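Pasting the structures in now, so scroll down.
Consider the two complexes below, in which chain A is the common component and chain B and chain C are the respective partners.
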Partner chain A sequence: MSSVAGSGGARIQSAASLARRDAWLRRLPLLPAFVYVIVVTQIPFALTIWYSFHSWNLLKPGSFRFSGLDNYARLLTDESIRTAVFNTVLLTISVIAISVVLGLAVASLLNSEVFGKGLMRTLMIAPFLIMPTAGALIWKDTLLNPLFGLLPNLLTPFGLGRVDWVNRYPMATVVAVEVWRWTPFMMLIILAGLQSQNPEVLEAARVDGANAFQAFRRITLPLVRPFIELGALLGSLFVVQTFDSIFMLTYGGPGEDTTNIPFLLYLVAFQGFNIGQASAIGVVAVVLTTIIATVALRTLFSIFQVEARR
Partner chain B sequence: MRAGVIAGGRFPTSRVLWSVVGWLVVLVFFFPVLWMWLEALKTEPQAASSPPTIFFVPTLEEFQQVMSGDFPPFFINSAIASIGSTFMVLVLGLPAAYALAVRPVKRTRDVLFFFISTRFLPFAASLVPLYLLARDLQLLDNIFALAAIYTTINLPLGVWLLRSFLLEIPPELFEAARVDGASFATEIWRIVVPLIAPGIAATSLICLIFSWNEFFYAVNFTSSVAATAPIFLVGFISGRGLFYAKLAAAATLASLPVLLAGWIAQKQLIRGLTMGAVK
Partner chain C sequence: MSDRKFRPSDRQRGTSRPVSTLIVGLLVALVGGACAGAGGGGGSAGATTITLAAVDNPSMADLKKLVGDFQSSHSNIQVNIVTLPEDQLRQQVTQDVAANSGRYDLFTIGTYEVPLWAKKGWIENLSPYIAKDSSYAPDDLIPGIKGALSYNGNLYAVPFYGESSMLMYRKDMLSAAGVTMPDHPTWDQVAAAAKAVNTSSVSGICLRGLPGWGEQLAPLDTVVNTFGGRWFDQNWNAQLNTPQWHDAVTFYVNLLKNAGEPGAGNAGFTECLNAYNSGKVAMWYDATVAASFFTGDAAKNSGYAFAPTKVKDWSGWLWAWSLGMPSSSKKKDAAWTFADWATSKDYAKLVGTKLGWSRVSPGTRTSTYSIPEYQQAAGAFAQVTLDSISHADVTHPTVDPVPYIGVQYVDIDEFQQLGDQVSQEFAKVIAGGQTVDQALAKAQTLATAVGKVYQH
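Up next is the complex of A and B:
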């Protein structure tokens, strides 16, 4: 009697432990990646927060001491951080806005009945694939150089020759090079959206007397809107972190005219070795990026859910 | 198409017009790349002439100079960091993606969200502690440390992408394998890998692109021994003066692997760049 009850209890227990074992077995393959990501991103981030409450310059041994909110207070009063935030916002918004518009235009062209579509797309994505440091160098030295560059020489007949574009219009130059790089990215994503469109719907609208502009605004645009949003959001997460082209084109200058948050971080951490201040900038950058990323991820999830429902 | 036929045969004016406009736009965007190639095929005096040389006899002299000079070690470092980190992403990411897609548990969505959120954590978040750690462990200027960092950058994207491909495989296939008594390793190696070969290709492509072109960590974590191809290019703004033809040749060579890979795998590129959202 008791042995029967005992075995029944054991069976229940073993069923529960089996379920638990199964759940762990399911999680096990996740573990290596999970642990790796936590060790290399989350623990350092916790340390970044910790450092941000300290005053610490690597060049001064023994300078590590608790300083409370000093680093953050300095961020609020410091001119260069305000400039960097402003430049980051300006750069991101202009690059994304211009490259979305251009990307939409090029994608529409590639989606129409033009000759050599495949080759056009292939050539068009090259700027995105070229190493950003290489691209920036080519722009700076061989295209925009006031003496030997192609553009100043081409523009000489129009009275615009020998203009030192990089130094005179530094931010516009950085924006232009980044737009050159990100337009193909937008184009690819928007083109995928356009190609998912049923051409018969447009045909029907045309028959019903809609002109090309109306058809585009009322039918095509709403359809590709999620793709534009996706491109803009993913793109802004990358453009916010722009470093390569600023390093190569302007080195943040002249003055602080093109210093954005990543470049300021580089200057403070690796030129000034001010660990505490750099950490505070890091924390602020995380807060700002999280805001964009949350919106981006929500868009991404909603697109995935739309796909799942189909 | 039908509208075109009505408007005037196979080559209606509007089609020709839009083709011309389209090609002009595309050539404007492609021109800097073309110009880079042209400069690379010039001699140094031709590249630094004013006005620029348009007609010239192409020469491979500068390519030979770059290849026989100090460029190859940088190129090899880039290859080690990119291929090594891509391999690690697949090794760590494939089981994780499998767990998330095929055998989801409670809170799978949270785990997924957590993974992908780390991709967009700016490098500012972990830069300083990682730098100090690398310095204390004598891992600065070590190519494998750089590869480890690139693994972190690409792993979230890898997991997410691989999962999106795994979700397309009917679950019955995995069930059948398990009923037949296949071990986890067999299941991954014999069933998952062949079935999502395109997914693995897309993931590898994206990881290769991001790590090959990466500059921020490369410039701060390496100096001479482990420096990668983009660092070689930095030499042209700071020390070596105005060697335009050589600069263009180096830029061409440094960009070549990613350009070719991206051109060959355009379809995978779109899917990878949108994290699987656009098929």
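Up next is the complex of A and C:
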């Protein structure tokens, strides 16, 4: 930032101070936003860190005391936390992998000349626009309910009529619902990449004797790769935090089969009212998401740089 | 940084001053606006506004409808009722009392919270208030309920709605299968009946499988109790690895597998009610209040029996939604005036005449059960409800003595989490993901950790 003042080089002192004042005036409009961000994000975060070093159960008056790294030590030893981390990783990787593949397929379809493209695109985006809670409820009750759900009814001829999908295959169900939700998101981002492709390049490839698959593999895919990366990283930022659909579909169960980090945090904070332990889980979750977010932002910037270079 | 080159290299000086003035002006306006907003929250002059956090159930919805009647006779009190679903209510209210914030003047709490919170001084002793009103008649409250809401012999909450558990069955379906249900069935009789009526389209019985200490664990706990199991012995040693627990959980799970509703792992009160009302299950063991929601054939052809038993008689649970007053309330007299009105003898009559007698909330006052109109409307299940509640004893819930109170719960702070975790393990058994022994081994570990808290 000091580069503004420095760019003057060999100017006299007063000019430098003027430039500094100028720089501050330029920053002033950003200040309210900056203050707001600090108040609503950094103060609660600092408090969370502070709580995470304390043993504090809301249900036990007078239990608030400094406990050092106890809460963090418990993170390493507690089996349910290890399960939650495993579930979070499993959920995130499978949701992102499947929705990227499906998103790429749908985006390629919508990028070609098909009848009713506009309507199709609108319909494809719809799952992303439905509220997660409402979407999960529709899946659980209207589609998957073994008594009156649509899917068991359709599968009755195949002898799968009364399968209780949500409880028999809990993780697969949550993954399916989240894939349903995130495929449109991936599709939109990848479609943007596909549409930035110059059709003449593909035509040239065809002239050179490349078949459709080769053209896709050698030309299209490298072009949309940064878009796929961006979609995957932004998506994983959100999928790591999946809460709504787990709350509505499985409530983290059966057992702990679908308890991920956010849901475990909810249980510890609002079923156990163990504020200290919940804070420690929260801090670790923030650190993990920050790592993903940093990578995501780098990718985002590299795309913009490519755009700018053009 | 690459963004440097996008900056305008030279900016015209003249624009800077108006922009900064504009921003300062905006800031002043914002701050000023906030101050003006803060001044506006006073409320109408003279009237005291009390806030009631209420659980979202039909009885509370009726209270909301009738609150105008209260306000017209008490013009100096305004009542603001905030309704929340059960788990959110519990979270909000717990945070409110634990942080002593005084956001609510009254809240609906259950038999689980009352003794715990009374002990911590979070809720007000209501006996002195009750003593001031000669017409309140606390002895008219059903004894079991009154006991469950008392701490050291004083009432700390007043009941608005009470329930026990009972077995409901379709008389037509059972007689078609040649089964007769006694008034006091044993669990073995119920299991045999469930298997006899179970067909591919109609399940024998609906039992809650949905994880949660207030869902699946409520009926399951009553089964454990009557099978002779208990959560802790007198020295707070966890008892979940005992044969009684093993037999009870195995029985429950097998009954669900052999003759229970499909999708048992997701079936709670609402799901079972829908299944029973649509004729997809022939029997249902659940809260006594369920019968007031029956429609169609279910309403016409239902029979009612007491909670099934094995070793221990009278195995029904006990629960009451009641009005408690946080110690942090600053409007205690106004709050009591409303609580008094809403739980009085006359309130039942008001609901009966204004909204219909079947809407009167059950299980609070003995006198309600002697009103002829109510007897007629509540019909067959009124007496079963009253007797079940009267015989439920929160201090002696099990065969062997226990150091805790509570029939379908253990009245300790840790139970919400413990119960939820344990019921999740059982849900996994119901779903076929593990065996009863595996689930009970985990549950025993969890319960042992909790028991240690109370051992010294």
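Note that in this section the second predicted complex is superposed on the first by the 292 of 310 C-alpha atoms of A that agree within 3 Å, B and C clash if a C-alpha of one lies under 4 Å from a C-alpha of the other, contacts with A are read in each partner's own complex, and residues count from 1 in each chain.
To be clear about the criterion, a residue touches a chain if its C-beta (ideal position, glycine included) is under 8 Å from a C-beta of that chain, and two chains touch if they have at least 3 such contacts.
Quick caveat: nothing in here was measured; it's all calculated off a predicted structure.
Engineer: I'd like to know which partner A:147 touches here: chain B for first, chain C for second, both or neither.
Structural biologist: Both partners, chain B and chain C.
Engineer: Does the superposition put A:168 against chain B (first), chain C (second), both, or neither?
Structural biologist: In the superposition, A:168 contacts chain C only.
Engineer: May I ask you to decide whether A:253 touches chain B, chain C, both, or neither, giving the answer as first, second, both or neither?
Structural biologist: After superposing on A, A:253 lies in contact with chain C but is clear of chain B.
Engineer: I'd like to know which partner A:96 touches here: chain B for first, chain C for second, both or neither.
Structural biologist: A:96: touches no partner chain.
Engineer: Based on the superposed arrangement, let me know which partner A:270 touches: chain B (first), chain C (second), both, or neither?
Structural biologist: In the superposition, A:270 contacts both chain B and chain C.
Engineer: Which partner does A:215 contact after superposing on A: first (chain B), second (chain C), both, neither?
Structural biologist: neither
Engineer: Output check: A:29 vs chain B and chain C. Expected answer is one of first, second, both, neither. What do you get?
Structural biologist: both
Engineer: Identify the overlap between the chain B-contacting and the chain C-contacting residues of chain A.
Structural biologist: Residues 26, 28-29, 32, 140, 147, 270, which sit in both footprints.
Engineer: Across the complex, what residues on chain A touch chain B?
Structural biologist: Within the complex, chain A contacts chain B at residues 23, 26-30, 32-34, 36-37, 40-45, 47-48, 51, 105-106, 109-110, 112-116, 120-135, 137-143, 147-150, 153, 156, 180, 183-185, 188-189, 192-193, 203, 206, 227, 230-231, 234, 237, 240-241, 243-244, 247-248, 261-262, 265-266, 269-270, 275, 278-279, 281-283, 285-286, 289-290, 292-293, 296-297, 300, 303-304, 307.
Engineer: Which chain A residues qualify as touching chain C in the complex?
Structural biologist: 3-4, 22, 25-26, 28-29, 32, 57-61, 140, 145-147, 162, 164, 166-168, 170, 251-257, 267-268, 270-273, 305
Engineer: Using the touch definition up top, name the residues of chain B that touch chain A in the complex.
Structural biologist: Listed in rising order, the residues of chain B that touch chain A are 1-4, 15-16, 18-19, 21-23, 25-27, 29-30, 32-33, 35-36, 39, 47-52, 92-93, 95-96, 98-100, 103-105, 111, 113, 115-118, 120-133, 148-149, 151-152, 155-156, 159, 184, 209, 212-213, 215-216, 219-220, 229-230, 233-234, 236-237, 242, 244, 247-248, 250-252, 254-255, 258-259, 262-263, 266, 269-270, 273-275, 277-279.
Engineer: Under the touch definition given earlier, write down the residues of chain C that touch chain A in their complex.
Structural biologist: Residue list for chain C touching chain A: 2, 4, 7, 11, 16, 19-20, 23, 27, 30, 91, 94-95, 98-99, 120, 210-212, 261-266, 275, 280, 413-414, 416-417, 420, 424-425, 427-428, 430-434, 439.
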